[in-house]
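Input: structures, listed below.
There are two complexes below, and they share chain A, which is joined by chain B in the first and by chain C in the second.
So, the complex of A and B:
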């Protein structure tokens, strides 16, 4: 098998002392960058790109990929401990990670996140190794109608979940979609919803701004209001034995979410334009939908931590694939990696696997090593992060506030974004107060900017005929499933009414 | 405890960056703080690649005593970046890497109140030509075949591009006008996405920069039909230009570095010297060749004259499109 001998060469290359050292440094740096709210893998890779000109290209990409990996692991840390997503890819991790931490089970959440990330990353790397060229072809067969169908499916997983208040969920999605349209419109090139003629809105509303506002400031106000300031946080204990027990529990309760996240995340990550954030949100939705105990989601289900964490690692490996084989970035981070490759004198694209096979296999080999390094380093740091939670909330709250403001400012260096963070924080508090679910709004602002242009592109392609979503071989089935899921709660309601009437 | 330590670490790194050793450039003016290096486009695009390449050359040769800090301000077709420069509080430390939205956005968005002729010319790094591409499976091998196909499909021929008023749409609008073509135009949010959908045959043709299409061309998937450069391109010697076909038209994407309005002459001279060195470096010259950029060296007065003609040209082209 040629693949395996190439892979063996690649792993050997990744294990060379300089590369191994770069992997260890990269993963650790990435872990901390990812853990900083607001700073994600994009920032880490962009900041450290110039450093890579000192080493050969294969070492350079291994280093940057290690940062990317580390950041994916790190994102979970502040999601769990502070309730602020460390990176946009870790938003879904807050849904269950934060409740677990509040129950004093932060170590379980962090261990689950680390193990799920490892499995996700490894599954993705294996798929990558075996099927790269095939998957690249698949990615190309996804045009605007297919991507839109997929986005519809993602929304459907959130609407179609029984239990929640459906009208409020739909309102929340619509609210997120409206926010997603602010700024310049790709299709017409015209500005939209530039509120009060404030020029900052021309840029649109950044996702990270919303996430920090909603989960950083909003969560903090909520906690203060709920506890009237009397809270001291839970007192988590951290022992080696406890961690072993947590690992066991994580495996037992999180395997299903991990599996769903690993495969779905990879698949979504491979599609250019999607990336790890939609991948992790979709995996969360699907895991909840397929779960036998969906009511536990949002209240501290290990599966709810495992699914998005497995997915974001899996998707980040997946998004390397279109970058390498097609020269098309699947996520903002890979866009910068792509720029780096051009600078190193490589041409990403269909010929890269043939012309630069040592480079490509060295990178793939490094995925295996980086993953292993990341999970070990991450596990080693968990006691430290858990220990942080022992701080009383009166100290933690101002820290969260400062981190939110600094993280929000670091991403764009604009005061406009800081005001938005505060406004979103207050808005999120009131939405929660009135029992509106926040997650669908967050989902909408992530997926809206993908869904809206692809919808309009598709309709342009078909001259306005919506059948384009049904009569294409890939888009058709996805659309049908999505519509079915959206209508499912209505069916259930009807049936219940009938039963009530019959009784 | 961890948090404060991390914060402290961040501050320490920032501090180190700000006190990098002063290089031995004999200059009257030296930057006194990190230089804001605004990029008029999002990460991954042509302008972004160039900005990061330039930064790497500056960094590798230790040319400045303060670092360049690249920041993507691509919002609103570059409106965000233009406003940022226009309102720069410290024009001596504010630079921008441009593309043609430098010309088109102020024309299309008059409410911004941007007059690019107030900006400070620094260095023209090169211009990026445009080429008409089709997929090899379309069976089209030359421009005549393309024209025949578009006419045969009668309004159903689909091309992708980066949106109304963007560079490629100007080229497509010109081409459609002179050959009386009826083309369905689908806007995307970047040249990379356009190239990908041509590779997947979601669309039938594109007008892309060579750098965006290069990988697919080398793999044999894309066929270049027509170049919109002044002369035939070295990378595609068999591809005719639209000028050869009797139409006096050429169109390039400007890859330039400009300074904020109100930059002092001393600071401008300093940056011209630095980026002049970058321009002359082997690394940049190799980049020009590998990415099929055309060199277009100009001094300050020439650049100002060039801007004036470009603004006039774009005003004309855009008024024809918007009709």
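So, the complex of A and C:
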């Protein structure tokens, strides 16, 4: 009962006029920042952090959390309308959101994303309210072997379930992981893989460089070449009745992905150092694995939009949990929020719930209000985003190229990275011609910086014994499932051969 | 397509070998007390890339992939023209940034694409080529506090005027 009375106080605090106004501004600003390729919640929160010193700490964190929420909703917009994942958390949304837009069903994709995000955010907030201290303790039992096993599972879902050419999928995953290692070895601090001795590679290759190259440039040239310039995204209809129909369809076809994303995303988000990106990618993989029609994934399945979108919102709420209860940020954005809290004179950690209960419950209350505000504001803006797609493709295409290049520079501030975007774009076009799946490479460059250190730390812990991934109670089952999924195509092949031989 | 697939696989195999050699600049084995060396992860992944290329070549030889049994050319005239005009246009856009600034390059690219590739009217082309760079300037330099490349010194008067407006 104490939880509910504290929550009621928190919601009342979030509904105070100043806080409500900050929530509405924060969500709207976050929505547009998130919709911009190259900019995500981390940019919005970092840029607007200084403004929060003008208001009390409880209002400040509510404002920043609203921006975070808004940006999570906004990430889906560029994934669907432009086909470029604006942030790593929206990579998986592109897989099915873009095909839906190309079929003239952008509004269905955007409505599905908005509703799934709302459900994901709400489920996560309820779980947060009820189980915060318990989950924080559980998350601590996830060490490097468990996190690496989770990463292995994420890759395995792509290998085991992809309908694509398996050697090409494995090549794509390995390629993305190698690209993630360029720059410096994070453990020894030595320069590593400085390709052709070009100094620009010392800065590493960011996920956004590969994603913009593949989706913003390569995919666009491929679309123009395949459709001979006659792209069919030009006439999506957008009426109030149509939006209601889309909402119904989204609920009917996306409920399963939404539920998977909501719970799995929250769980992965809670883990320190994991965050919303692995959460959304894993939810996509698991939703595909459990689907009766996995072949529809990647071709415009509403479930394929719902799962990652529910997950990234759910995980973004989940990643606040280790930040508040343990002082460990689960994502770059929560790291900035943590910095803000320290500047405001608050000490994150187990005592925060006792010493600053008004602050904590005000924040939790704001999650509920921000989530509701975000879905309403997002739905209100969907006609505007869909209207963008009604432009002739000869206007939309150069706009996408411009946003890709400008957004790419905004994210990296380096001309070297812009040239890499062009090279990756042209490379992706030719690889696509020969059916190399490129989504696994993007997935790998995102998860690589988590996978490598956890693998090396695990092997250091076990003195080089790889059995550490099998003989621990949590890591073991996850690794076994991952290995099974990796071997699944071989099993399928053997079964098919046996059947042919029997016939 | 058939020749293209094996050529691409061969090129990627060579690139994998280069990555293996480059990774081996750092230790690729287990170092007692320190764990796997810095080159361990990229080296074995590059080995994975090379083995994948071998598998792709094996599938090509057995005619298992669609491209390996196709006698069609990689692209027709329209395809090559698209890659050269669109891809080349984007490369030209990036090359112009160091000369005429990011905003100048955006304007020039829009003129090139809208007028010469899209065949839109001069009115629409010029309106977009002027309005979009200015809108991007206010968004990035004003709202987001992100400075874009300013090109060669001759663009400075433009930036002086614009900075006077936002500051």
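Just so we're on the same page, the second predicted complex is superposed on the first by the 498 of 503 C-alpha atoms of A that agree within 3 Å, B and C clash if a C-alpha of one lies under 4 Å from a C-alpha of the other, contacts with A are read in each partner's own complex, and residues count from 1 in each chain.
Note that in this section contacts are C-beta pairs under 8 Å (C-beta built on N, C-alpha and C of every residue); 3 or more make two chains touch, one makes a residue touch a chain.
Owing to the predicted nature of the structure, the values given are computational and were not obtained by experimental measurement.
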Q: In the overlay, answer first, second, both or neither for which of chain B and chain C A:188 touches.
A: both
Q) If you stack the two complexes on chain A, which partner ends up touching A:409: first (chain B), second (chain C), both, or neither? A) second
(Q) Just checking: does A:277 make contact with chain B only, chain C only, both, or neither of them? Give me first, second, both or neither. (A) neither
Q: Look at A:291 in the shared chain and tell me whether it touches chain B only, chain C only, both, or neither; answer first, second, both or neither.
A: neither
(Q) With both complexes overlaid on chain A, does A:460 touch chain B (first), chain C (second), both or neither? (A) both
Q: Using the superposition on chain A described above, determine whether A:42 touches chain B (first), chain C (second), both, or neither.
A: first
Q: Identify the partner contact of A:347: answer first if only chain B is touched, second if only chain C is, both if each is, neither if none is.
A: first
Q: Classify the contacts of A:140 with the two partner chains as first (chain B alone), second (chain C alone), both, or neither.
A: first
(Q) Under the contact rule defined above, give the chain A residues that sit at the interface with chain B and also at the interface with chain C. (A) 187-188, 399, 406, 413, 457, 460
Q | Touch list for chain A against partner chain C, complex | A | 33, 39, 43, 47, 165-168, 170-171, 174-175, 177-178, 181, 185, 187-188, 190, 192-195, 217, 220-221, 224-225, 228-229, 392, 394-395, 397-399, 401-402, 405-406, 409-410, 413, 415, 418-419, 421-422, 425-426, 429-431, 433-435, 452, 455-457, 459-460, 464
Q: Could you pull out which chain C residues touch chain A in their complex?
A: 1, 4-5, 8, 12, 19, 22-23, 25-26, 30, 34-42, 45-46, 48-49, 52-53, 55-56, 59, 65-67, 74-75, 78-79, 82-83, 86-87, 89-91, 93-94, 97-98, 102, 106, 109-110, 113-114, 117-120, 124, 128, 132, 136, 140, 144-146, 148-149
Q: Write out the stretch or stretches of chain A touching chain B in their complex.
A: 32, 35-36, 42, 46, 49-50, 53-54, 139-144, 183-184, 186-189, 191, 199, 202-204, 272-273, 322, 326-329, 332, 334-336, 338-340, 342-343, 345, 347-352, 384-385, 387-388, 399, 403, 406, 413, 453, 457, 460-461, 463
**Q.** chain B to chain A touching residues, read off their complex
**A.** 1-3, 6-7, 9-10, 42-45, 48-49, 52-53, 55-56, 59-60, 70-71, 73, 75-77, 79-80, 83, 108-109, 112, 158, 163-166, 184-189, 192-193, 195-197, 199-202, 211, 214-216, 218-219, 221, 286, 290-291
